[in-house]
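Here the chain labels run A, B, C, D and E in written order, and each chain numbers its own residues starting at 1.
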Amino acid sequence: MQKITEDLARRRAAELMRAGEISCLLGWKKGEFDYDVEPTVFYTPEEVERELVCNVFSAANLSKYLISLTRKAEGRVGILLKPCDSFSFNQLLTEHRFDRERVYALGLPCEGTVDTFLLKERVGEGIYSIKIKDGALEVETLSGEVKEIPLSEVYAERCLVCKSRRPVAYDEMLGEVTPDADEDRFAQVEKLESMTAEERYAFWQGELSRCIRCNACRNVCPACSCERCVFDNPTSGVETKAPSEDSFEEKMFHIIRAFHVAGRCTDCGECSRVCPERIPLHLLNRKFIKDINSFYGDYTAGAEVGSRAPLVSYTKDDPEPGQGGQK
Amino acid sequence: MQMTDYKPKIVAFCCNWCSYAGADLAGNNRLSYPAEVKIIRVPCSCRVNPTFILRAFQRGADGVIICGCHPGDCHYTSGNYFARRRMALLFSMLDYLGIERERTRVEWVSAAEGAKFAATMNDFVSTVAALGENRRLEDLRCKK
Amino acid sequence: MYVSYFPGCTLKTKAVRLDRCARKSAEILGIELQELDSWQCCGGAFTSAADEVATKLSSVRALAEAERLGRPLVSVCSACYNVLKQTDHAFKTDPEFASKVRRYLAPDECYNGGTEVLHLLELLRDKVGFENIAKKVVNPLKGVKIAAYYGCMLLRPSDVLGLDDPENPSVMEELIRALGGEAVGWSQRNECCGGYVLLESPELAKKRSLEISSDAAAAGADMIVTACPLCRYNLDKAGSGLPTVYFTELLAKALGAEVDEI
Amino acid sequence: MQRIGVFVCWCGSNIAATVDVEAVSQALKDEPGVVFSTNYQYMCSQAGQDLIKQAVAEHGLTGIVICSCSPRMHETTFRRAAAAAGLNPYMVEIANIREQCSWVHKDIALGTQKAIVLGRAAVAKLHLNAPLTPGETPVTKRALVIGGGIAGIQTALDIADAGFKVDIVEKKPTIGGKMSQLDKTFPTLDCAACILTPKMVEAAQNENITIYSYSEVESVGGFVGNFDVTIRKKARYVNESICTGCGLCTEKCPVKNVPNEFNLGMDSRRAVYIPFAQAVPKVATIDPDYCNMLKNGKCGVCARVCTAGAIDYKQTDELIEQKYGAIVVATGYEPIKLDKFDEFAYNSSPDVITSLEFERLTNAAGPTSGKLLRPSDGKHPHRIVFVQCVGSRCAAAAGKGKEYCSKICCMYTAKQAMLVRDKYPDTEVYVFYIDVRTPGKNFDEFYRRAAEEYGVKYVKGMVGKISPQGEVLKVQASDLIAGRQLHIDADLVVLAAAIEPDRSARPLATMLTASMDTNDFFTEAHPKLRPVESPTAGVFLSGACQGPKDIPETVAQAGAAAAKVIGLLAKDKLTSNPCVASVDELMCNGCSSCERVCPYGAISYVNKEFRMPDRTVALRRVASVNPAVCQGCGACTVACMSGAMDLRGFEAKQIIAEVDAICK
Amino acid sequence: MNRDNVRDEVIRRSGTDPRKCMKCGKCSATCPSYDEMEGHPHEFVYMVENGDIEPLLASESIYRCLTCMACVERCPRGVEPAKIVESVRLEAIRKKGANRLTPEAVAAVADEELPQQAVVTAFRKYAK
């Protein structure tokens, strides 16, 4: 995202707030370091003008916060939506999770966000500060060295294969829509599919064994917006609070989580972004998306409000289970 | 492990109207199938939550089969169509995770198909038995 | 349209007209019948026994070659069609047979069940279309009453061959009508001429054939048309006096093809 | 903590022979919460039920587990016993150790082990059971009968006689069905019309009965006691209330070549027609496929000749919405199409006919005025061959025909053969049979009379091929007893075609959510004990829609179905199944997933204020289930990802407890 | 081989199940060769089912079946009698020296126009 967009966003949001159009704004502000930009709610135009950050580190999908914020806040809530976040926004609307009238959405153009893990790996030592330049990051390390890292080398995978940079929901658009990414979103899933069952098993055992059940994936996921998660619900029969001795617990959690968001997941990639163990959780969701597309025809969750999700509809000649989509 | 000694644990979810009645008919006609098959009665195949299936695998089941009315014949008109979608996706996911796809199955068995019920169970048990014990996506950390 | 062509042993010798007329007509209809390089005699009869493998190998080889060429395999002779199609079906439905066959085949002639076996009649009906053939007729078979004789091998077993309704077939009648002729209705058209027992019991074959040709005569036919050299031989010998011709002869004549007298 | 009693049934030797019932009751005694465990010879007997009552009282049981036959058999019995003992009837769980254990496992050790596991699963589930109370819904005191043949008429008359309103929906222009096409009926040789038409008139005149002829059921909603049905009354272009049935229009209509379906196409009718003289309602119907006025606006003869002014070319289909408490299916049968049996030359010779066509040829109101004449040349046939089992008893592997016995053919063939010999003694009659099946009152005597007194030649064998040749049909057949192949020159061949359910039955079953077997016959709730009820509550079965039946059986079943309907309509209120979905509003996201999968429209949404965990109050959209409409399938429970939706009696934690017990 | 083994082998080779027969006799009604046989199609099915194969092996009937498949086509039970006849015939001619047909015999009946097809077919059906 360009500096110009950040300026525009600050100006417009503050204007709206001063005019009483919105009572608060869901946006991002700088955290402890330049690279950890975190979601926040601004209540005054001054805060917005001073602290709102809209740049390649504004990765978090804000749409989920609308559920609680619209319940609490007075008047209309402002929100900044990257194109991918706008799909989540629509999906939440489809599920009646907030009232559209209570929200004013400012659409942001996006060319990708930075994978901070990748950046840290690339820099190789502690980062002191970051300056965003055209197409590159100027990183000053703790040892005082200044490195220039091309953005193209540290864009997040989810942005390289982004399903669409064309926003599907906003009240006003700040800046120009950027061209779509052209990499194949399902290449990684296909690679796994082409492995033998043994290899896949080994892959996922290695990945999922690292899970510490911190619930970060669940908490960030805009589709995981249940009032109370089944894994916290004593009547569900599967309530678990923490990793148990049972060797299957984490797999069950992740499979069920993926299943619960199947047909609703917009592939925003937040789950993998926040995972402290860097488990590629999005590959589970993407598998469902790929299967849904091939079994039941292309479907993009959140592309339009009110569409019927694949798991709550059917046709009489759907493929039989276990046939790999064959009818 | 000797294949002949190995008895897989099989959980069969049967809808009350067709498949559970089909299983009863298999009994009425004295059509035998392995005792490893234990049936759980549900009103409809659409009552089967993927959680139940994963829970069965978690607790040591080697195979899980869901039986319902034939598509178009659901007592509740559409339950099995939803079940079919859910299971198609879930089974594909389990396969993706490296759990053999032969361990899960959906079969449509009507109340009149006692013979099909018994034949299905015989086939399913021998298929699962041939795979051996389920490795259940074990967590590396839990390995002794 | 390019198709692979399996002429069969008899078409190369005693039934040259069946073959020549088929080729000439195909040419006029824009079908390229490409004779398989290395076909061998199909054996004339399909042995239904599950443990017969060697006798079916020549058919599998032909199927394999057609598969490599990626074209349907067309036959004009009822018997070849019957044997090829039944062999193909056995190969696709009986894994034990398929695996036994593979042991006899060279690696490069392996068959994967991908060949569509067609009788020329099927090709004309389903891929060319009788209405298109009718447009190309230059010598309509006007005023000729023709009894279409199917015998057994074009029709049975119908669940494998699927060429036509085994009890009430119509493909040859439709062809006759497309060529401007009149097809007579008669009931012995799908009964056996006794072909297989010709050498074993000539009198039985003769009895059967006479029954068939007399029924055709009783129905008022001027001639019988067939797709099988053996049927033709038997019916000719039956002694009812009714001439028997191949369907390709009628086709070639109606389409105005020049076919040398043999 | 529950106090659970376990009762293991021997079922005589049905269970006890392959399951060590003592070992089962001993093993289950050690399960947590089990305070009493025993076994008994017949738990379903009065003595067995008394045992339950006694144990509940003595041990203060809060729930019981019965290890016995299938719950589909005796769940209701044991629930009643529990209620009689003062327990909530839903505190009963059944472990099916007969159909799904003792009858299918021959090894006693394995059978016993499995029975114990099944018992444990039932105990584990019962621990989580909660008392349930059925809801109550009112009953609409009106019945719908679908199909106006003898089955539908009889059912309607019986229901009407009990004082309830009943509507008959018949897709044809007249009621009467197949029976109206028959000549005589076996084994008494009554004239079909003589016994049927009075009933048709009775139905028309009964003030409790409304006949919707030329009508079809368009949609069915609701549930037992409260069905909402839409009936499409097709436009017949004749005002039914004005038409006097004089028939003048049917004589003057210039379109004369319409195949007459009542005579199976063996003669023709006009474009405006009354199917037969005794039709009910006796009103004309215009066939829009043939009427020149309706097709191109040129004609209008019928309107001109109709003195009553009943013709209405502008008439359109009418949709009637009506509420019913019960629905009776009486859709009947059709003979199968014989396209795949051309070895019998049905398509190539007009003199090869079906038995139903033969009925019309011998019926005084038929195309030949009752004279038996060959369709081809109108000559009297002197040698007739009847072929039985045409399309019946065919294996699926044969790829054609039906697997079942059509049941009525042996008898009507005997009747037809006998009548031919009676009326035309110079006619030679052969019947080719595989078996002659005559299990009915006076049936075998009837068949023997055909052979012994009337000289019908019964040949054990089958016809292989029929060759029409000139005027004769050359019949090639086997005589298995003589060991000969027969060659008969017949003048007429009559094929006893298999019967199959009417084609309207399948879509109707879908509307009614009533199950069907693989042959499209409606399935009964229990093959022996509930033969006239469909498994779908409030839907009953009458006549051949449930399986092949002759007239006496059909009438008996029609009366039985009526009795069941009367029993239902006599109630003011129905108690509904309490095993329905219920929503935990605190957990509901209001996402609408459940609503979208509910086939009954039982789920709606309300906005409610809730105190949130952070002590704020929020207005939230939450689901609400109508327990009278919910049928308890559970589709919503899986669509709900938050787990807010659960199914009473089959709760998630109950099923998981069963899974755990089984996998232990 | 004992009687049961022969029966099992004949049935296995035929690929059919004679127990499906309901004794309707349609095969024998259909058979164009009926009068030439002393064991008729339905009897083949019945005798093979019961293991009475010896009399069939000795019977000329096995060489009178036209393999026209009419019985297969018309059997309402899907029993396929012609395949049973063929299986019995193979049982007979696979025995050493039991070839039914010799080249000399063919030469004796062959005429100018006899199609090759007739010869190859006869050898395939009546000789090993």
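The rule is short, and it goes like this: a contact is a pair of C-beta atoms (placed from the backbone, for glycine too) under 8 Å apart; a residue touches a chain by one contact, two chains touch by 3 or more.
All values derive from a computational prediction rather than experimental measurement.
Asks: Applying the touch definition from the top, give me the chains sitting in contact with each of chain A and chain E.
Replies: Under the touch definition, chain A and chain E have D as mutual neighbours.
Asks: Treat touching chains as neighbours and tell me the shortest step distance from chain C to chain D.
Replies: Steps on the shortest route: 1.
Asks: Can you tell me which chain lies farthest from chain C, using the average of the Cα atoms as each chain's centre?
Replies: If we average the C-alpha coordinates per chain, A ends up farthest from chain C.
Asks: Look at the interfaces A-D and B-D and say which one is made up of more C-beta pairs in contact.
Replies: Counting C-beta pairs in contact, B-D comes out ahead.
Asks: Calculate how many whole Å lie between the centre of chain B and the centre of chain D, each centre taken as the average of the chain's C-alpha atoms.
Replies: For chain B versus chain D, the centre distance works out to 30 Å.
Asks: How many Å are there between the centre of chain B and the centre of chain E, using C-alpha atoms for each centre?
Replies: 45
Asks: Could you state the distance in Å from the CA-based centre of chain A to that of chain B?
Replies: One centre to the other, that is 36 Å.
Asks: Whole-Å distance, chain C centre to chain E centre, using C-alpha means?
Replies: That pair's centroid distance is 24 Å.
Asks: Got the chain B residues that touch at least 2 other chains?
Replies: Residues 50-51, 55, 72, 78, 82, 86 of chain B touch two or more partner chains.
Asks: Note the residues in chain E that touch 2 or more other chains, in rising order.
Replies: Within chain E, the residues that touch at least two other chains are 70.
Asks: Residues of chain D touching 2+ other chains?
Replies: Within chain D, the residues that touch at least two other chains are 343, 399, 465, 597, 639, 652, 655-656.
Asks: For this structure, enumerate the chain pairs that meet the touch criterion.
Replies: Pairs satisfying the touch definition: A-B, A-D, B-D, C-D, C-E, D-E.
Asks: Where on chain C does chain E make contact in their complex?
Replies: Residues 8-10, 13-15, 41, 43-45, 47-52, 55, 77, 79, 151-152, 155-158, 166-167, 190-192, 194-202, 204, 208, 229-230, 233, 236 of chain C touch chain E in their complex.
Asks: Using the touch rule from the top, collect the residues of chain A that touch chain D in their complex.
Replies: Contacts found on chain A: 71-72, 95-97, 225-230, 233, 235-238, 260-261, 308-309, 311-313.
Asks: Please give the residue numbers of chain B that touch chain D in the complex, ascending.
Replies: 9, 11, 16-18, 20-21, 23-24, 26-28, 30-33, 35, 38-44, 46-52, 55-56, 59-61, 69, 72-79, 82, 86, 110-113, 118
Asks: Spell out the residues on chain B that touch chain A in their complex, using ranges where they run on.
Replies: Touch residues, chain B against chain A: 50-51, 54-55, 57-58, 71-72, 78, 81-82, 84-101, 104-106, 135-143.
Asks: Taking the complex as given, what residues does chain C use to touch chain D?
Replies: Residues 159, 165, 167-168, 185, 187-188, 191, 215, 218-219.
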